[in-house]
């Protein structure tokens, strides 16, 4: 069983690695964006699928990362490389500052509060606060990555940078799932009172999830802004947040393959069916309903029982 | 001073519309723990249905009680039917599924309704019959009140008070609350849960339909995608009041409308939404379950 | 047999792929008190939930007063005169005690004042807490409410799933006394209990369920005196 | 191969579809005559939904399809977001976007086939100060790139003429309810409310202004010029002022008249506005330049276009400046009459 | 330092007017099995909720090794070594039995904040150690067979055992059991009694609410009886059992039994 999953994963990895050789530049761009969105979806999944916090404002953290890179580069002339750290740290700091006061809210109340953050964020961007954000147009002309005089400017470079970013994200997800931090999130998710009684601080682990999720989303945002060399508010609005939210649930929350499938279904398929123009979203809506009815836990639901093999021996 | 009163009137009008829509959210939530994200789109749908009903039954420019009553009744009927259909097809199969799956289904349903409206009525803004309500307006000491506003304020108060008594004083109302708590136990009392859920969707959708028609009559221009905004505001209103709580939804709606008008009028247009959400978050920090939401300590 | 109120024949119930009930037969005659005993997970609750229509049987028949129930939904079955007080109480937590009782009488046009008075008489604690929200009652109080609520519909058959679960000895007595009074008033009772001794004392007949099958059946006395039963369920100690 | 990048869906769908229709009509006419340079023209349409993000995706996609030129988009924001991609790929682009920032890059590939906001703003200021002599002016805009740009340009032009602006504000497009803002404005007792946004909001603003009994004149920028404005404003449309270049139906040129007849015959509707026609003119200019140079090389074609002088367009003579700006203006003020027709009141 | 592990001093807890606990005091010695009985609604569970921080009593003190722990959040209380089971089972029902028990090891785990992102050698060592501990506990509670089974799929009796194993995994000093025998048949109850004895033998202090008189009386070294939130009697089992106040309020007289 372990082998089969491993094999599929290996095949997918190979495919993803060689993908740029097969496709034209439009599909390469879609591929790159897929990788970036997958990172964001994973980071959303840390909060939603693992810690079980109803969070529908994730595009904000994604946008914070993107705008951090854009502003530092366009307005202050920093090199892209130098903006990487702030584009991770600033979303994390914002996550802490914003979410800490409301982390005790339950389910839907928190959902609306996070939507609210997202909307406020967009309003700040649109009103061009301090003249930094470029208002509704956003910022254009973001640089590419230079290392030792070499420019990583082609679409293929973008693709592989995104590929590496996804690799790092997956590594973090795996570490998380196998540590007490990931488990604590699950316990809180499944029964918060029982979790507390086992000595698990709801506040700490929910915030941990938010901060970690915001950091990954921020990194993805930075990558996104470099890929498009432009950022504008509507790429980070609530509709986008809803998309990340839906990706996780359609794919299968807390499930690594699930989230990848979800990103594919929710982002790549609409690109494929772009030709159908107007009726496309109708079909898409129907598909969302059907998916949930047929696979209420997502297309590839999570499996628990991730325990060391020496404990499985006695089990039936 | 009259500017202030005028802002009050403006705010209460839009607030009543939010409240009507918020009731639909709150009722469905109360019984099914489902955030019915498609509800806003039903509201938009209603405005278009009203447009077609009026267009097909009356000649342009008719202003009569008959026209108003028939448009309201027929549209409410159609929308309620679609609401019930929605529940049947998109939500009932998910009753035992994890809560968030139904939320995704609701988001999908919203897309379906919105895009159906676009395919049927076209992507362009449509103009709701201008003569639907008489264009009478009254000017009282500098404040202007239109006939439409009076209709909105009075009819929505009647509907809200009626609903409150229905839920709290009647047997069906108590049964609705019982189903909201424990569906299996309700079945064991002989309550037909499916029927109760249907009633909820009929009432919620019909209230949304009324709101949709008022939006059309009040603002004239209706677009297939306008539901999202009303939906979101109403949802915020429901949360502000304490979701699942019927007086809470009304209070939340009115408060939101008023607050918005005052902020826009006296502080800033640009930052109105920011202020709204800051208010919401401040309320939630101090009252984590909304203004009227009971803090039911979970018994362990 | 015409005086059988409830007849269950060859009932099978599955949870997904797992078979929980593997073909049981069970009868309850009018006016009888019948108990089902069995270890945890034997399938007692499953059986009761299937009878009252909350679960659908995979096969087999359930006949109540000559009517086949398997096609009916739970709420329709209640209207026929069967009332089920579920395991774990399941009271409506944010309704008041009184509203809970009113819901018990949902199938009647109007609730019956005499029944209500009688419930308040045998379970006076409920009367005291009439206006309190049911969710804030203690476990025992909730159990009383669950039973009271079940008899508000004036059922012909009352199904009780572990009514003494988590009750203080003194309350167990109250509850059993109440059940006895209910039975005496002509209501047929089908009772599932962990507290086998008390249940058998109360019942006319009993069934023993093990892993989804009925292994023993007989009059209460027979079962009380049976060696096997004593060892398995009555905890013959020392 | 010609690309169309336009908002086929979304808020500006009617404009986008009108552009698409217009382009397809012209292409059909060319193809009927045997195409261009002996080849049939093919149209590839991409829906940018009026958003910058989709525009960026569209741009990549169209470049990839190997189009020589792209017509569109309608909104300045979507145009701007795609500009750089076309420039890098050497694909010609023509748009009606009026933001001044569009030509700031001086891309050789880009031709603005409409008139810049600054031209309109100057005209507006002249009208307000010299013509109407308004004393208290309110300027409203929305958040779109175009509207903000036009609003700012107008404010700048007004200030240059020492006009008294009592309020500058922004409304959120699609909100429908502007009563709060208008009530606030009412207290300032302005002479005129100028709105630089789109007709969907403009019509509502006007209607709500009337309802609240605000006496001021209402002057709308060019994007208010749309039949739907009249419907939205209803009764109150009468007496509204619009500032724009001529509308399709009053275009005095023959070529315009024949085009409109053909358009009507094919689609049984009128183009949504003159803006779609400007995009069509962009296409015509490009095709004309190709025929002239007998070349498909975009560099060559662009050069010819820069030299184009008074090419007879549907919307009037077309001449491009060095930076791709179309020279000209021809703004006028119309007053809406009781029967919803226009009367030219200032020129 | 006091000789008592836990001291409840004059604690009162109100629910909007209702006095759920009324000026209650009790003292639990280290190593004891301490029984709490009382009619339904007496406030027993509420008392446990006050001790474990789920509720904060309005009045009084709760001293843990002499220090007041009133109002401290539940997870910190667990960190002090006070662990509990619930009257209605609260397991992480979709997760495997092993993972459920692992939740008890949470507070014993030495993993640092960055181990959620990058594993370190110390992390691997710790992770291995914790799982080994889980294995031992499963052995002890006879649960090894179900290591990978989702807890929710198991029968009631087994779930009770998992809950106990989970609490014990945190190596508590005080284990609080709320009606551990509820829903168990008599044989299972006997097994449970043995289990509790073994736990006591490990040096764990136990507080227990139970309605099964036979079990409480045989296990407890000291019993407090509450009614309407107030203490009506306390003492060794034999004393309590014979106390007329207890008989009247809780046990019920035997004649009544015969009569029934």
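Quick notes on this structure:
In this document, chain identifiers A, B, C, D and E correspond to the written order of the chains, with residue numbering beginning at 1 in each.
The rule we apply is simple: a contact is a pair of C-beta atoms (placed from the backbone, for glycine too) under 8 Å apart; a residue touches a chain by one contact, two chains touch by 3 or more.
Since we're looking at a predicted model, the values are computed, not measured.
Among the other chains, the CA centroid farthest from that of chain A is the one of C.
Distances between chain centres, each the mean of the C-alpha atoms, put D farthest from chain E. Inter-chain spacing, taken between the CA centroids of chain A and chain D, is 37 Å.
Averaged Cα coordinates give chain C a centre that lies 76 Å from the centre of chain D. Chain geometry summary: the mean Cα position of chain D and that of chain E are 74 Å apart.
Annotation for chain E: residues 45, 54, 86-88, 90 touch two or more other chains.
In chain D, the positions touching at least two other chains are 9. Among the residues of chain B, those in touch with two or more other chains are 118, 123, 270, 273, 299-300. Residues 8-9, 46-47, 51-53, 56-57, 60-61, 63-64, 77, 80-81, 84, 101, 143-145, 148 of chain D are the ones touching chain A in the complex. Only residues 52-54, 73-76, 78-79, 83-86, 90-95, 99, 102-104, 106-107, 135-136, 149-150, 153 of chain C touch chain B when the two sit together in their complex. Against chain D, in their complex, chain B makes its touches with residues 3, 6-7, 10-11, 13-14, 118, 123-125, 127, 130, 135, 137, 139, 144, 146, 215, 219-221, 223, 225-226, 229, 260-266, 269-270, 272-273.
Only residues 29, 35, 89-90, 93-94, 97-98, 100-105, 107-112, 114-116, 118-119, 123, 232, 235-236, 239, 243, 270-271, 273-274, 276-278, 280-281, 284-285, 288-290, 298, 300 of chain B touch chain A when the two sit together in their complex. In the complex of the two chains, the chain A residues touching chain B come out as 48, 54, 101-102, 104-106, 108-109, 111-113, 115-117, 119-120, 123-124, 127, 193, 238, 242, 246, 249-250, 253, 278-279, 281-282, 284-289, 291-293, 296-297.
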